[in-house]
Each structure stands twice: as structure tokens, then as C-alpha cells.
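Letters A, B, C, D, E and F mark the chains as written, and numbering starts fresh at 1 in each.
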Amino acid sequence: MRKDNRKTNELRSILMTLDYIKYPEGSVLIEFGDTKVICNASIEDRVPPFMRGQGKGWIAAEYAMLPRATEKRNIRESSKGKVGGRTMEIQRLIGRALRSVVDLNRIGERTVWVDCDVLQADGGTRTASITGAFVAVVLAFDQLIKAGKIKKMPVTDFLAAISVGISSNGTELLDLNYGEDSEAYVDMNIVMTGEGEFVEIQGTGEEATFTTNQLQAMLGLASDGLKRINDIQKDALGQAAGSIGETKKTKEDTP
Amino acid sequence: MRKDNRKTNELRSILMTLDYIKYPEGSVLIEFGDTKVICNASIEDRVPPFMRGQGKGWIAAEYAMLPRATEKRNIRESSKGKVGGRTMEIQRLIGRALRSVVDLNRIGERTVWVDCDVLQADGGTRTASITGAFVAVVLAFDQLIKAGKIKKMPVTDFLAAISVGISSNGTELLDLNYGEDSEAYVDMNIVMTGEGEFVEIQGTGEEATFTTNQLQAMLGLASDGLKRINDIQKDALGQAAGSIGETKKTKEDTP
Amino acid sequence: MRKDNRKTNELRSILMTLDYIKYPEGSVLIEFGDTKVICNASIEDRVPPFMRGQGKGWIAAEYAMLPRATEKRNIRESSKGKVGGRTMEIQRLIGRALRSVVDLNRIGERTVWVDCDVLQADGGTRTASITGAFVAVVLAFDQLIKAGKIKKMPVTDFLAAISVGISSNGTELLDLNYGEDSEAYVDMNIVMTGEGEFVEIQGTGEEATFTTNQLQAMLGLASDGLKRINDIQKDALGQAAGSIGETKKTKEDTP
Amino acid sequence: MRKDNRKTNELRSILMTLDYIKYPEGSVLIEFGDTKVICNASIEDRVPPFMRGQGKGWIAAEYAMLPRATEKRNIRESSKGKVGGRTMEIQRLIGRALRSVVDLNRIGERTVWVDCDVLQADGGTRTASITGAFVAVVLAFDQLIKAGKIKKMPVTDFLAAISVGISSNGTELLDLNYGEDSEAYVDMNIVMTGEGEFVEIQGTGEEATFTTNQLQAMLGLASDGLKRINDIQKDALGQAAGSIGETKKTKEDTP
Amino acid sequence: MRKDNRKTNELRSILMTLDYIKYPEGSVLIEFGDTKVICNASIEDRVPPFMRGQGKGWIAAEYAMLPRATEKRNIRESSKGKVGGRTMEIQRLIGRALRSVVDLNRIGERTVWVDCDVLQADGGTRTASITGAFVAVVLAFDQLIKAGKIKKMPVTDFLAAISVGISSNGTELLDLNYGEDSEAYVDMNIVMTGEGEFVEIQGTGEEATFTTNQLQAMLGLASDGLKRINDIQKDALGQAAGSIGETKKTKEDTP
Amino acid sequence: MRKDNRKTNELRSILMTLDYIKYPEGSVLIEFGDTKVICNASIEDRVPPFMRGQGKGWIAAEYAMLPRATEKRNIRESSKGKVGGRTMEIQRLIGRALRSVVDLNRIGERTVWVDCDVLQADGGTRTASITGAFVAVVLAFDQLIKAGKIKKMPVTDFLAAISVGISSNGTELLDLNYGEDSEAYVDMNIVMTGEGEFVEIQGTGEEATFTTNQLQAMLGLASDGLKRINDIQKDALGQAAGSIGETKKTKEDTP
């Protein structure tokens, strides 16, 4: 039993409030227990310079935490004048993950800006961001379809992320909260599609190491948890969920 | 009658959700119509270098908007690598205003960091920030009192802020929303104490000018509106409101 | 009587040296007592990106102090790598004030860059900057007229600024020097047109507050002082002063 | 058969030139085929602020590429004024990996700075960096032992890294060069100890996905390749290799 | 004959206004023809970190131009967020030159900050800066002596600088103005002591080359001109000039 | 006799490894004793904004040191977020020197980027950079000729650089290593053409001064040394050396 009375393979309660902010094309407030992240998807009618003229779109993500999203207040990155390494890693991860389930050929020369802003952090902010951002992006594309700007949902499959880890007493755990995460020997983030394929695996011995058996156990926990999260996403999206997977990723999309 | 059916001297609906974020010593989500700002007050047990060794405290404010708090997405200041002039003006204003009603001699060598983060902007974000930050700061001091770190509430009076302006057809308006603000000839922000004294007046002809009579009319609208806002603050604070004004600003506090 | 033997409603001696620097289209060295500011107006034959294609011009201001313009040497903002909040506030104020009395529709797609560089600071540098910059801008437009690039003086009225305040013993004062300013309870900057209309009011209780009566007293002092400053500007400008106000601000100019 | 005539499970030729630069405590020029990286380990007799007073050491890594290490010249990060996201990710990875096999309790309050500078890049620069940096760090500790500053080799096991991936025709490949990497569907970097335990797994579908079977195949390729690389490291280190593993990672070392 | 009717070996008219700014310990407005530079010397009672604990002082220089000191307006370095290469070269040169004639052992752990701010640039701003800064520094040390903080003038000799060059028709010229400088094939700045020894020679073929004979001719012109400048400095300094050279540079001073 | 047994007029051993890096159009690893610098010349098919539309080319240089190129590790300029004054001075010098022997009219609207990266520093890194960069640039132009993009070698003469100085005991020395340089009273860098004309003289009394006789002695040492270096460059370049000087610098090239 874990401190918050969860079983080792139990997710925290997950809530999604759709259309939380009124301006973005897609907006979701996602909560994993006490972790709260606003995921906003904005459509811009042009692509970054390196993509111009290819008739394809792009998805870019930014991630930030409010200064007091954490136990101790952090200095704003805008005050420091630069974005830190952890932030960059996370925003690169979110963007890459979302692009893996979107057929960028079908959205025209548009950029989807995904902003994940953590209001309150209690572990798993990057995986909550990916999970919520996926829903926000589907909402944004749904608006594009309704506005007649694109014809079909370009999202080829569901996408969600979760953390797993190994506690200091050697137990594999699903969905670590901050207390668990800061004491864990191993920390792993898994991003998977609805079909159960891997999009990203990032496993780190926190100045420790782990065996092949431990790896398999963690992958198993993650895989089961992610199926349940896909169901929650489907419920939240309602009718819009039906269009996911209508298009398949075209070969040309892979660079 | 205004587009949203308000009278010229009518406030938007004002909501405050206390303890919105769990970590800060004081936390308030304030809403003025569709404007939503999280105001978090954090206590740090030291003061900035220029204040050290005086036995007094300090209040510093930071202000930011989520990229999609507005109709059109803004580039993050952390990505730009610098904080813009408008942001700096606003955070200097918030800090100055709060310091005017706190006896800094009574809080020891502590800094209160006030973070105002705009989730959704529909006009009046700086005045909503001051109004909500005041409540967050009272909550934070209340915690300090309960923890036995300070003896008495160091807040000497209520504090709130509101915008007034002159529309393009010459009408004076209270509490402008974004649509009204962007069309106004004159824009003025007033910060006042519960006793009805001015803390700050910032009036700007938006590349226009205004007469003494128009100034008086705007000051009157603001004064009435701010009294109503003080009542809302009092209700929200409940018991903690009672201790406001128990101490008077000491002479030594003014630099 | 004040330390420098002025009456409470007395200005310091004001001097303007026109054409102080040889390269700018308009150049003024303005002195308010020991405060010395070089105000240079430069014409650039294009506008910033957000103004392009509208057939209108723009006025942008920059403000800086030499490191040893003050009692204690300040670190250069170029060395710090960023422009501080106080500087940004002041340069935004100067630009906004000047634009309020210029019909930007009449100057073509040109930018007037106004550089206010403080050589020696003894209080009131921002109001001296606005007062001197107004004269420099008129000189620059006069050159444009003489060069046949614009037809009429686009300046619709005189413009000047002054500081007023309340001393620690409760007296309202006009045109505070540095010693007075640093001890004042309330500090207010007023920008007014020749017609006596307000362009900008910025009043700040320096961690203190002020009443409506005190506000009125300060506005009265400022209004009288500004009329005298307008006369000094008129004398300095000579013949060029005659063309001010020939054009009226067009309605389309207000955004 | 691959374009450069390697088998799918074949490493490129690996060369290490020890003591390549004369000043650092440990210095290695490592080559994986045409990829050339200088790995310098420098000992500094203090730790970063967050580690002070714990009696422990720290290992920090920095990574950079010469502008013309690549086909097309890159702009220097010093000219841009900021370090990019990719660079930050890599240097965080290198530091974390090295710390997993060093007992930081045994090195006193010292920082080992590891600089990995890529002279020529042909794929696998981050894994070559980790592999070479490990050797440089052992050399640096060997010097500390010879100088009598520490007693025993604090390195608890061998450490090496390699990339694996899935080519666009679905074949799993070991040690991808730049041409292969840029066409691959999946790209994975594995860091392992000499005992065959994982330190880090970073697998990314390059806007694609991969199955559990493909994951297992890649892990197998990596595991075999890394054993061969450990042998090359052992040969290069000669006598110093003997002391690796003499100390075991103490429990207290894990945060 | 040159465009401004000077002979090839003729200086422009040189003016120095001492105590131009009231706050600095030493202040000089220097004019070489239309080139105008304010040179302020400020005493700070501590040295930079790399000098601490040696009982010696330091001299550091900063150089800047007002945006409209030139024909065409320049963007401020504070707005760009970084100091350019030309500026850095010049401020390093000024500091180095001044340190060559000051016995830093005699000034205690103090820093002399020398700020050279160009109000109007017409060629030779860096040599005017050195020449004026020398006088400002002597004034500042004179104040230290009068305040009883140091005993003797630590300045060991006079110091001045001048530019020489070769015009596009092959004539060697002394003290080039901007028009001459921008057309010159060769540009050379010479810094010399009162004794006629070199402190600095910086000669540059502006994408051209020059012979040994041309070098000798330029050195001769500079040497003669600098003697005349020393006389002007002596006159300006009056009584304070008498103390220059009372102390000799101690051997220990050279690093 | 010097510490490393060289005579006062003796160069260190000089080695050049051509085509050291495979990607650049010209690449040289140059060694002056223990000083090792990679000089890469890259051709870009466009010029910087200020050169566009003139039909001419440009040469720009960048210089950097690996953090542990020196006895003590230096912080990377990319980590500091800005390029230091010394670096800027050196890269401006390298670019200027190279442009003096290239007829920029003959290379079309192309930029040659010269990157000088110091792997190991033992004095004279800037002069080694110029000497090696000259060879790299000739190699790059030779490739352009072979590719039929330009017709003739645009390099008008040989170019090399060397340092000379005066030791603390008053002896003039050629090609100072780091130990000698850090103790020298005077430090001078000379850049000369194959014809023996000066391109650049930068002589600095390191907080000391030097006489005309000492200057002449140093110029003599440099001139002799540079002839020997030109021979080494000629040998290294082989056949490509023959084309140097085929074209003469056109008058129009000088700005």
C-alpha cells in the first residue's frame, strides 16, 4: 500500500475540464490527483521557416510552471532570461509525441501551438501534459473541421503518457506522485498509442541502475495504465473521439 | 447601455476562490467577468539585498499572462528571454500598491512574493491582480499569525483597484472589458484604500487628452465601485477581515 | 521656503540650448536646475512592422542615464544586458505623451526616434525629457517642412510635463529636486497640453496615500507651472512655435 | 548489408587516444568511425551551491559541437547567446549517466567537469561522448589517487552508451551513422553498466511508433554491442581498468 | 591642404571643460573639433573579485555613444542586450592605457571607473576618450589626496592618444576627422606617455597594407602631435599637473 | 637561452595538418609548439545584409577556445550567454587580416566563414589562428576554382602572423609561449604579407611602456620570423600555393 492508499498499479483520479479557457481552439484543464495542468492548443495559419513550402503542418509545444506550482517557489524563467534544460526537454518531448499521431500532411501549412502550463505540480506533470494536450489538439482539429478548413480528423490514434518507477524498496509503481518520485531509484516515462505501440520511452536510473526484469515489469504497469487513460480520454471527447483513427499515417509523413 | 448590458457605473460579476492552489501561504483565483487571475502570495524568510539588516520586510510582485490568455496567442517572455515594458510596469505597480497598506516593520525580515498569473484576459487584468493579491496577502499574513511568527495583522487598511475610462462617444465607464478598453479614448486605473484615500492614479489619454471635468467624473465612478469591491473582499475573507486596520501604518515605515 | 529658497509653487530655472548636437533633425539640451537632459529627435523613413502600410507615422522614445548622472554610479544597462523596469516605464510614457499632440496621419510612413539621455540627474528627469523632447520634435518637423517632405506642422498643441508632490510635512510642492523627491510622501507627474487638457496623470503614494483635497491642490500647482513652461518653450522655438496648432488632431488618428 | 558494408549488429571502428590534451586531469579523443569527440575531465576543488556542506562530490557535463563538425555549418551557441534544447538534453544525459557509476561520497567536495566537444559529427555523438567521458573520468580519478587526494577508485562499474534504431525498411540496426540516423523510423540510445544493467533508455519514434518486439530486438543489439565497447575501454585504460568496481555504490549515495 | 583647411600635421582645436558633471570625483568634457566626449572618473571603495586581498587598486573603463552621436542613428546597446565588439575593444584599450601610468599599489583597494560617453562623434573618439579620461583620473586622485585618503599623486607620467593614418592618395595625416577616417587606407592609434614612450600602437590596413617607411612617418606625426596635447592637458590641470610623475611606477606593479 | 632552449629569434616547431575535418571547404589543424588550433573555412552562398547587392564577397571569422584548452578550465561563452571582449577582438582581427589579401570582388556574393577553435593553448593562439586560417582559406578557394564557381585564385599575397615581446629582463623575444607571454612587459602581434608589408600592428605595454628602439627591434624579429612561416605555408599548400598573387588587389576593393 502506498502513502495515499493506492495499490502499486493504481492511477490517481484523473479529471479533464474541456474548454477551460475561452480563446484557444482547444483547451483542457487536466488533473492527475493534485497535479493540475492547463493544456491549450492554438492554431496559427503558418509554419516555422524550416517547414515552409512543403504543404505540411507542424506541432510545437511549450511547457511552463507557475512559480508557486511547487512546495517551494521557483524563479520565473522570464526573470532569469532563459529557459532551463528541464523545460526544454519536456517541451521537445510533448511536441514529438503529439506529432507521432498526427498526419501533418492533412492540416495544411498550419502550426498547432500547444501550451502546457502547470498550475499545481504533484508529480507526473510532463505525462499529464501529453495526455491533456492530446485531447486539446483533437478539440482544435475538430474546430478546423467544423470551420471547413480541413476535411478529416488528422489524428491517427489515441495518445497518452504515464510515469512508472521503482521505489527505494524495490517495488515497481504506476503514476508516481511527487513524494514517491523524489524517493524513487528509477523513473520512467512512457508514451503510447491507443494501439499499444511505443512512441517514447525515457527511463533513468536516478544515479542508480535497473535490470531487464525491472524494465519489463515497469513496461507492463505502464501499458495497463495507459489503456485506462485512453478510455478516460475517449469519454471526455465524446463524439469527437469517433473520428480518431479515420485516417492512417501516410508514409510520406515520416521524415 | 453597454454591449454586455451593464450600466456605465456597473461592475462585472466578481468571484474569488480562496486557497485555489495548495502550496502558497495565500492563494486566490479572482474573476472579474471573463478575466481570471491566480494570485499567489509566498513568504520567503529573507529580504532582497537592498533591505537587509533593517529588521523590516518587503513585498515584491510578479505578473504574467499565459500565452493564450488572449484572443491571439502571445509569445512567452521566457522564450523571448526578456520581460517586456508592460509587464514590468504592472508588476512594479502591484508591489507598490500592496506596500502602501502593509506595515513592513511588523513582518520581520521576510519577503512576500506575490505572483499574479492571468489565465484568461478580458480587460482589467492589472486591477483584478491588485484586488485579488490583497486578499492573498491577508491570507498569507493570517497563516504567519497562526504559526506564531508575527503577532498582529500588519495590514493597515483594505486595498482594491479598478479601471475607469472614456468611451469613444465621450461616456465615462466603470470597469472596462477588453472590447471597451481597446476602443476607449482615455484609460485610467485607480488604486484606493478602504478609507477612500488614493494610493495610485494612472490616467492616460490614449493618444488623446481629457479635461478636468472628465477627470472628476472618472474619479467618482472609481470611488463608488471600489467601495463595493471592498465589501466583496470583506465577505471573501470572513473572520480574517476583522483584523485589517488593527495596526496603523507607523511613521518610520515611509522611506 | 524650500532648501534651495524656492517657494512651494516656484519652478527651478529652465534653460534650453537648441541644436546642441549637430546630426539630429532636432536637438535640445534642456536644464531644470541641475537636471540636464539631451533630447534628440531623429527621422527614420520607415515605421515599425506593426504600423506598416497604414500611411501613418510613429513616434518612439528611448531614455537613459549616463552611469554617473547620479550621486552614486549606476551600472550601465548595456552591461547588464537588459533595460530595467523604470527605464521602460519612462520611455513608454515619453512616446505616448508626444503622440498625443502629433497628427500621425500627416507625417507619412516615418518614425520619429526621440532619445532622451540624462547627463546629470537632480529630480524630474522624465518631465524634463518630455518638455525638451517636445521642442526637439517640433524642430525635426520644421526641418521636414523646409525639406518639402511634409506640408504643415503636424503638432496640434504645446506639450509639457512637470512633477508635483507632497513633502513629509504635508506641503504640496511644484517641481521637486532630487532631495525633495526622495523624501516626499506622494509623487505625481502631470503631462498637459497648451490648452490645459490632461495627457497623463501618474500619482503614486510612495508607500503612503493621499486624499482628494491633496490631489486637487497638486493638480492646481502643476497646471499653473505648466503654463509658464509652455511660455519658455514658445520663446525657445521662436518662429517655429507659430505653426503649432495649425492642424487639429484628426478623428482617424485615435486608434 | 549497410551502405558502409557493416552488418546490422556491427559497430563502427572505435579508437581512443588518451591524454590527447595536456592540461586536463583526464583527456580522451574518441572516434566512432568518422565521429570524433574530445572528452576532457577537469577536477575542481569545490561543488555547486546546492551540494555544499554534504561532504560529497558532483559530476557535471557540457557538450558542444564545433560549427563545422557537420555537413552544413551551424551558428555557435555563444553567438546566439543561449544554449539550445538539444545541447541541454545531451549534457544532462552525460552527467546523469556518469554519476550512476561513481560513488560521489568517496571524492570529497569536488566537481568533475566533463567537456565533450565534437570535432566531427557522423551520428552517435552523444553515445560516443558518454563512452569517451567514462574513460576520461577514470583517468582523472587515477590522477587524484596518485596525488594522494582520494584513496580508492570511486568508479563502481564500467559504463558505455550506444545507439540503436529501426531503418525505414524495418531492420533493427546497431550504431547508426548520420546517414542511417536521419532516415531511421526509430532512434534509441542505451546507456549500460559493465554488469549489463540499464542506466538510461531513451527511445523515440521519430514521429513514428514501435512495438514491444522491436523494442526487445533493439535492446538485444545494444546489449551485445556495449559488451564489446566495454572491452575496448578496458584495453585503452590498461592498468587503471583494474581498479574499477573495487568500491561498490553506497546506499547513502542515492538521493 | 585638408578639407577643413588643416595641414597634414595639424591637430583640430582641443577644448577641455573640467568639472562638467557635478557628481563624479573627476569630470571632463573633451572636444577634438566636433568630437565631444564626457569623461567621468568615479572612485569605488573596492576592487573586482580577481584583485581582492592584494592591497592594490584597479582602473576599469566603459565607453558608449549616444544613439545620435553619429550621422545615422545607432541602436542602443542596452536595447540590443549586448555590448558590441567595437565597444569592448575600445573600453579595454582605455583601461589598459590608463593603468600604464598609474601606480596601482598607491591607491589602496579602490576601483576607478572611467566612463567615456560620446555625445557627438566626428572621428577619433577613442583617442579623445583616453586623452580626456587621463585628466579626469588626475582630478579624481587629486580629490582623494585632498580628502586624505591617499598621500601622493599615483600618476607616474602624462598620457595622451591620437590617431594617424594614410589617406587614399597616400598622404600621412594627423588627427583624422570622420570624413578622412572613412576614406583612409590605413588607420593607426597611438598612445604615448609624456616621456615619449609607447603605451599602445594599433595600426590597421583597412583591408590594405602599409610599408615600414609609412609606419615611421605616421609614428613621427603622432609623436609631435602628442607633445602638443600633453601641453594642453598640463594647462587644463593647472596646479594638479605639478604632482604628475612625483611617484615612479614600482617594479611590483607589473604583473 | 629561453626555458624551452630556443634562441630569442627562434620559432617553435610549426605543423599543419591539411583537410583535418572532412566537411569544411578548407580545414587545417595548425600547431605552434603546444598551441593547437583547428582552422575551418566554410563557403556560404550569400553575404551579410550590409554587403548585399554589391556583387562582392565577405570574410568573417569566429574564434573560441575549448574550456580546458588552458591550465585552468574556463567557463564556456555559450553558458555565460555572451561572447567576451577578448574573443571579439581576436575574431575581428582575424577577419580583417584575411580580407587584406583577398580580392573580395572576385569571389561573388559569397561569405567565407573562418572558424578558429583552440584545442590547446600555449601562447600565440591568435597569430596561429591567422596563419592557419590563411591556408584554410586558400584551400577553400581552390575548391571553388575546381568546382568552376570562380575563375582565378582571389588571394593576392601570402599572409601570416606572429607575436613578439619584451621579457621582464628587457630582452626582445620571437613567438612567445604562454609562460613567456604572461611574464612579458610588452606584447606585440604583427600580421604581414608575403611582400613584407604590414597588415596589422598591435603592440601593448602590459601596464608598462616601450621605446622607439625596442619597437624597431621587435619589428625586425617579427619580419624575419614571418618570412620563415611563409615558407612553411608554401610547402604545406603545395601546388595551390602557385596561384597566390596571380591576381592583384583591385583599387575598387578598398572601401
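Convention: a contact is a pair of C-beta atoms (placed from the backbone, for glycine too) under 8 Å apart; a residue touches a chain by one contact, two chains touch by 3 or more.
Everything numeric here is computed off the predicted structure, so don't read it as measured data.
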(request) State the smallest step count from subunit B to subunit C, taking one step as a move to a touching chain. (result) 1
(message) Among A-D, A-B or B-C, which pair gives essentially the same interface as D-F, with more than half of the residue-number contact pairs in common?
(response) A-B
(message) Centroid from C-alpha atoms only, then distance subunit C to subunit F, rounded to Å. What do you get?
(response) 51
(request) Just give me the whole-number Å value for how far the CA centre of subunit C lies from that of subunit E. (result) 34
(request) Averaging only over C-alpha atoms, locate the centres of subunit B and subunit F and give their separation in whole Å. (result) 60
(message) Which positions in subunit C are in touch with at least two other chains?
(response) 81-82
(request) Could you read off the chains around the ring in order, subunit B leading and subunit C following? (result) B, C, E, F, D, A
(request) Give every residue of subunit E touching subunit C within the complex, in rising order. (result) 21-24, 27, 34, 38, 40, 42, 44, 62, 64, 66-71, 73, 76-83, 87, 113, 115, 117, 119-120
(message) So in the complex, the part of subunit C that touches subunit B is made up of which residues?
(response) 82, 84-86, 88-89, 91-92, 96, 99-100, 104, 168, 182, 185, 188, 193, 195, 197-212, 215, 219, 249, 253-255
